[in-house]
Amino acid sequence: MSLFGLIEYSDATPEVRAVYDDIMATRKTDWVNNFWKALAHDPATLKRTWESIKQIMVPGALDPLTKELIYIAVSVTNQCGYCIASHTASAKAKGMSDAQFKELMAVIAMANETNRLVAGYQVEIDDRYKPPLP
Amino acid sequence: MSLFGLIEYSDATPEVRAVYDDIMATRKTDWVNNFWKALAHDPATLKRTWESIKQIMVPGALDPLTKELIYIAVSVTNQCGYCIASHTASAKAKGMSDAQFKELMAVIAMANETNRLVAGYQVEIDDRYKPPLP
Amino acid sequence: MSLFGLIEYSDATPEVRAVYDDIMATRKTDWVNNFWKALAHDPATLKRTWESIKQIMVPGALDPLTKELIYIAVSVTNQCGYCIASHTASAKAKGMSDAQFKELMAVIAMANETNRLVAGYQVEIDDRYKPPLP
Amino acid sequence: MSLFGLIEYSDATPEVRAVYDDIMATRKTDWVNNFWKALAHDPATLKRTWESIKQIMVPGALDPLTKELIYIAVSVTNQCGYCIASHTASAKAKGMSDAQFKELMAVIAMANETNRLVAGYQVEIDDRYKPPLP
Amino acid sequence: MSLFGLIEYSDATPEVRAVYDDIMATRKTDWVNNFWKALAHDPATLKRTWESIKQIMVPGALDPLTKELIYIAVSVTNQCGYCIASHTASAKAKGMSDAQFKELMAVIAMANETNRLVAGYQVEIDDRYKPPLP
Amino acid sequence: MSLFGLIEYSDATPEVRAVYDDIMATRKTDWVNNFWKALAHDPATLKRTWESIKQIMVPGALDPLTKELIYIAVSVTNQCGYCIASHTASAKAKGMSDAQFKELMAVIAMANETNRLVAGYQVEIDDRYKPPLP
């Protein structure tokens, strides 16, 4: 539902429609998901967030699928249900296989496990891991 | 330093040395980092953790560098200083370029940002994102 | 629903009713929200928590609305759905405008973003930021 | 130190210097803190992050000090040491009194406490707290 | 529901059935909860996770109920709804009284509160708390 | 060091000394750790926090050592270095054996691992785990 409700395309201002149009064009799709429709109540944040995402998620030194996997890793660690569902769907759309998803989950879980062992045992950083990197 | 101190190879039991040997052989290196030396005070956890890591971080549907990037994403989100330092070093050793690191950071930061927008606006999951996946 | 169910006023002991009465009197309202009805199964925690909240959320060097905004910032960062919904409603009741809510969300999101950049880049504290403050 | 070291003004490219100049002009100060000097290794992220911060932290429906308090609330909840130190200093510079800081801490701590009680008791959202808000 | 749906015993491969059988035998029960049925889509992770859990949750220096309480403390702090519900049920099955649950909640909440006070006040570790322990 | 420095007994007001005296008497010790000396800058929070801790950590349905273990579980999950160090020391003082510490760490790590698997696989709560408990 979202706090202020969702703004559908037909009810959107031209400023919001321009963002929706760019989302659909960039994604080559004909719909916009709830996150943007909720954020549309704050057009400045809608626009800034979309432009940042577009700049960041573009193919670069990392490919788009790898970026989605990283997005899922963060979202799972933060227990954000919406974000897990939406980025898992995006990753699938970008070609994530079931085998890749399963390995992703195993790595995320393992990292969360060892993060806590490190904290509990109060492990000090090895000299050769200290920045700056060579 | 770690809670119980670090167990060096020369002071380790045969059981612990076997794990250290396997770590060095698997990584093709001649040293063991503090995490394992701290964990060596609990040989059962040392062995179980290493064997899980070895099984999970092996090349599979995801390549080893991608797995390190995911490990970093979790560690940054959990603010685990040791884990960030050690896995950044590992990722470098597996070929991570500076450009890849920078994109990784941008995606992690962005995901943490939108995770909170979703929570604050109380965005409901779109029907087409609901499991099970098609 | 809550783990043990909710204790309604009519079913409450005098000890619990005294807290409910104080909640309603302090808030100038005629109802009590589920959080307190769930906590009422542990009257000692109910009383201690309510008295702490009452002491902390009172007008002081910070006004009550600012305190609600801070409460929301924590709850969003912790992904606590109930707390986000209830403190957003409280903030609205204390006069939060939609514009204030939107700026609040933008700040929370930004802070979560830069927190992770700091961690990932392993930024060291500037000397002039080190405590104690001048 | 930061992962790649810190880029001082004298070593910065014109693109990075332009951001440093804008930071100093906006803050009416003659220095730049480590966060930006670390981020300067990725000029695109430096620029995007600074422009977002500048847009978000400007006086609006919330005053700049309130925005700093919210930033601290997030940073404390995320246990980001650098962010706590730097934004506490910023809040002081924007007029935060010691009394305000202490109340801020009390609210943050309380919110973290009740967030967990809500989770543990599995409290369901009251109907009148459910979105959309009236 | 879970991402890939749940694998019931009747539809499971012999490899998965062997884990289900061991879960039921170890717990002296005739059913398997959703977590395992969801994880069964990745038999390697199913098996590794179950074997780790079985090794860790066994009576040892800590009794099984204490281990469940610790599990709940982590799950509440991570806001994992499923984990809170399932481990609260497990703790009840292992003899947790309502009084114990309530004290558990109070300690978890208090710890989350003081963790944040420590961070916000930037408290330095006392010399006598520094590792290694005597 | 802490944000405002540490208030030693000799510099403390009678109100603060009364809390310090109670801390030392309750713990049967002759010193006070940095947390309280930092918090002493806000006597109201010092007093409220100490009285809550004293009420909560007293022997009850759970013994004091179990409560310390729970405190550690939360502090490790929140990556609070000070809290991990101080409560590990407290647990040792209350009789925690090395074997208990090691099992504690294993459970904490495991719980953090499975919490994330649950989130990533989007596992739905089993009907029999849903509150209220029977």
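Chains: A, B, C, D, E and F, in written order; residue numbering restarts at 1 for each.
By definition in this document, contacts are C-beta pairs under 8 Å (C-beta built on N, C-alpha and C of every residue); 3 or more make two chains touch, one makes a residue touch a chain.
Note that the coordinates shown come from a computational prediction; the quantities given were computed from them, not determined experimentally.
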- Note on the structure: Those chains that touch chain F and also touch chain C are A, B, D, E
- Message: Under the document's definition of touching, what chains do chain D and chain E have as common neighbours?
- Response: A, B, C, F
- In terms of residue numbering, is the interface formed by chain B and chain D classified as same (over half shared) or different (under half shared)? different
- Comparison of A-C and B-E (more C-beta pairs in contact): B-E
- Task: Average the CA atoms of each chain to get its centre, and name the chain whose centre is farthest from that of chain E.
- Result: D
- Message: Can you work out the whole-Å distance between the CA centroids of chain B and chain F?
- Response: 27
- Find the geometric centre of each of chain A and chain F from their Cα atoms only, then give the gap between the two centres in Å, rounded to an integer. 34
- Item | Sites on chain E at which at least two other chains make contact | 1-4, 41, 44-45, 49, 52, 77-81, 85, 88, 102, 104-106, 108-110, 112-115, 117, 119-122, 130-131, 133
- Given which chains touch which, is the overall layout a line, a ring, a star, complete, or other? complete
- Note on the structure: In the complex, the residues of chain C that touch chain D are 1-4, 33-35, 38-39, 41, 45, 49, 52-53, 56-57, 60-62, 66-67, 69-71, 73-75, 77-78, 80-83, 85-89, 92, 97, 99-100, 102-104, 106-108, 110-115, 117-126, 128-131, 133
- Along chain B, where are the residues that touch chain D in the complex? 79, 88, 98, 101-102, 105-106, 109, 122
- chain B-touching residues of chain C, taken from the complex the two chains share: 72, 76-77, 79, 81, 84-85, 88, 104-105, 108-110, 112-117, 119-122
- Task: Would you pull the chain C residues touching chain F in the complex into a rising list?
- Result: 1-5, 44, 48, 52, 55, 130-133
- Query: Inside the complex, what are the residues of chain E that reach chain A?
  - Reply: 3-4, 41-42, 44-45, 49, 78-80, 131
